[in-house]
């Protein structure tokens, strides 16, 4: 049995539940999913700025340390499109740690030659491009748009929100000629299949992508290299955090 | 049940069997593996040159067409480190098609910041670097070496062959300071765990990596984008090929 | 006397004749041109997909081997814009082997700072961008368009086909501000001067460009380096092919 | 009068004092320097891992917010070579915010064609290369070495520590043929002139470099663009922190 | 006291005066500015082509040699956006030599993630992109436009000229989504604050930027590395030039 | 008849004669070569620094203007490895203008996957790398060395000079594993065949390479695009120069 822990670094229990559901729907029979988020005072309500990312990264650190104290998991997934705290998380464990932006970009590169990102606020696009470079995806990334919808507005189920996202996806496919669309927020996980059906191209949700990558690596026995950069940090960090399991 | 077809584009039944074994050892319970190779006259004995790659690519095309005629699979894996015929194979199907070099490089990038390749003959390194660029891995690839062992010499089980490969892996880790080693030949799949234990860093075999990626994508319902480049080719190619299933 | 063999990898005798004519019109007095194509069953009718490229590459291999059996040439030109089989062809000989896309891009970089490509079907643009990177031309390449005209439609001499290509060339020059236009199909060789006169910028046909490069290298005594990657392949490939000389 | 606030994100008062001294020694007559660090429980003792960076970034956020509550400064400098929290700090203010790695790399590019970095632990080199790319310095960066000396060991004034750093600097100049050496830790600020005299090439300390850049920008009236990415974050972050002014 | 010599490589005394004024308005109290240009026959009237750049570079060489003969300065600034003769000037001295394009691009990268250039004639954009690459700014440079105004037309104080430049700046900010605008001509120095007020983003004039960089480097004791490329040239160049001090 | 004018921008009549000889030895029967250099006071004695390049570029401008006054040529070659004044020369004419570094790099990319440069003084390597980037050759360029021999020392015919250059060429091939060697000085043109015979790989002299490229372009009717950047300069440059024809 492969046990994956998915950390939603924001404090929304509803979003964490949605993320857990998306993960379970693509998990193999041998894969067990646990989805966590920080307690209401231990993380940002949403992650829409570099300032939010700092709090998110701290929450990821704390939740992984707590999980390690309880015995640890076979892999970790950071379920926020900026992949906050990913490098630091890798220092803490020797199993795979996968960010959902990282996972989505790698899978998008396998599904077509080019992809585009549709995310929440345009102010997060700088971070998206930074990590696209870091993951080797900047050559394949042909467009990135903010929909103008905030992270928490994604819980709005009215057609207007869906239509707005669909509209940006169409731009990505028709004007930027991307083969694949990447959804730039873990809170969009539930829109994936509907968008793909409308657009006629693969639409990649990072949560589902990360489940495949992390469980695949776990089955291979390939985790995080502890050679130098990702060796356990010399100064033991220790931050406690409340947590909400969904 | 996810059915993956792995195509070894060379004609070695022994290597095909080894590849099938490596794949099955990392497959999830819901994943069924079939490993094929071209008949003795329908492909190259080994793939060690650009000239061999042309015959290999033709064999991959033919074997996928045959598989489609029998109902097709949920994903295809091309089990030669040069990923011969990968783009063309994607034109034929709408499910995932993954090359083992592609898979190994993506997984290596998830397991550390940098990786190095140890392959067979140095003359294949140009192709390896070309595809590393294509896959966005050229920033992470810090070294690539030919061991001087030909593809078929890998079936040699004497300690000398293993030691030679281990020596190059050590160079990759100790001198080039790579976090991860990628084995540059599908015929090295069986050496992976032993090398990793000796080296203390993750060693990635592309066959196992591809099984994780292809099955993960199949579970997500993400296949090959048929938008333009990978749409079915306008002129129906048709080449028959004998095949050896292992 | 410098003897160049130009291989059109598709089976169109009419296009092969056009290519031979274009080549002879720019050959120096000391340069003799022979233009070949595979027999009707030995290659693709047109090359408009990655699948077609595999058959094209095999045809190039076979025709060069036949030419070598007859004594060989002082240089080879592969007259299809995807340069199919170029690396493999270099393994077979020690004289220059030049692809027409390669030649066109190098000459375009000498004629201006930037260039754009107008080709046949947009599905071939991925390959065009891949090889532009390989040839160091990706920095100079500012636009690439498919005209929507198939390779064989280029034999259509009605004004509509010409106007459509001219229209895309204008976009390249006026909107993308390219200094030079590259024609992305050997079958466009005859349009070059007329387009250049209409546009007021250099328009480069790869066949003519390749004749200059291959004959220049032959006069210098510079051929293909046989150091490692392009040394003769260890496993002698041997495929026979009928051929049509024009 | 230009008032610059320099934030040492680790909790070492001694290092903060050294940093303040280095800054004042290069400040113009119209420039006033204040050097801060977090209180002993509000930041990491040293910053030698990605995990430390998260705490450092949070400390930078808190100290800038406190400074803003007291009226703010004309520019901020983050005095740790990983530039922790730089993007987030830019969201909080409209004056210049400069990281010392960023400053050192920009000045190094003005002082020669190439530079090398000598830093503390090799595990921080991944971060150094990431930010070198972000700052456009990856083309000029020809070598980066960890000296093996921890951040706090730099306060060791015995000749051995100096000699070790000098040795790596010599490697950078003599073997990697760098024109300039960048010191990869704010705690090395005091070694700069002595190393430069020994080596005969410019040696750049980021603290001094940042004072020049931040005060120059302040005099020009050029601060941080508040257009989109660096606009004030939508969710007001609020973390209090004790602080130690030196 | 830091003495900076600013060389306007064109022969316009009026523009030289404007440049000197712009420089003095941002100089620290300890910094003295001298602005020079070549005599009417010793340089180009304006620098709008590669041909003009050759004459400009020769003028810069001659004026620095004259200044050295009079005792030299603590830093040199080349006040033409193509930075003509910058590498050669660095060979002559061991103090900082800064080009205004170089300075503007470095400061723009510190003020936002992306910037765009608005310059004089579009024919100079090739040079602007070349040097952006050289300075590591090509990743941050998202747009570059020629306004169509010649260098000397910038002295035109009618509203039309200002409005035209403002219009291109708006395009840079609103369509290309640049965080910062760089003015691509030393003769635009006086427009900087007015444009910034209209646009709401930082607008960077290279002259002011260079004063900050050169004086900051002078205070740090960091000049031009004389290691190899910028060592004094083996063949002593010697060209005399009349000069106009403003 | 194609008339090519080759400009050696230094004042050495002996080197100009050697260059003319090298060019004629590879010219097609329809190609006529004229080799020029500036008069003794009108250019640098050798070109070994950025300062020398300025004088060289001015000499190239003057000699092309003189040639134009006499009716012009069908193509121009700038025979100094830094390609001084290349962009400016392109402004003056509509025929091809080729630099010998440019030519050598393009031909080297056609003769193998990778190349290395062996040049005169290491101080010129910065310029060599700059132009390699400009020509799209930086991916193929795997090594560049200065031999320590000055330009004029190349006229030394004693074995020591040859052996020293051969030694660096061996390093390029054996340690850096380059497929091809490029000679980084027009004054090395006569060593090419002997070095190639010793090394067993193609050795490219830029003068010969440029003759092939320029004459090939002239036969195709492809010259310099006059669209914008290379249109005739708005301010007519006019510098007279004495000249020495060889």
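Here the chain labels run A, B, C, D, E and F in written order, and each chain numbers its own residues starting at 1.
By our rule, a residue touches a chain if its C-beta (ideal position, glycine included) is under 8 Å from a C-beta of that chain, and two chains touch if they have at least 3 such contacts.
Note that this is a predicted model, so its numbers are computed, not measured.
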Please report the minimal path length, in steps, between chain C and chain F on the chain touch graph. 1
Sort out for me whether E-F or D-E is joined by the greater number of C-beta contact pairs. D-E
Calculate how many whole Å lie between the centre of chain D and the centre of chain F, each centre taken as the average of the chain's C-alpha atoms. 44
Distance between the CA centroids of chain A and chain F (whole Å) is 53
Give the residues of chain B touching no fewer than two other chains, as numbers and ranges. 113, 122, 126, 133, 177, 228-229
In the complex of these two chains, what residues of chain D are touching chain A? 44-46, 48-55, 57-58, 61, 85, 87-88, 90-92, 121-127, 130, 133-134, 150, 228-229, 231, 233-235, 237, 239
In the complex, go through chain B and note every residue touching chain A. 26-31, 96, 98, 102, 106-107, 109-113, 133, 135-140, 173, 177, 179-180, 193, 196, 200-205, 208-209, 211-213, 215-217, 219-230
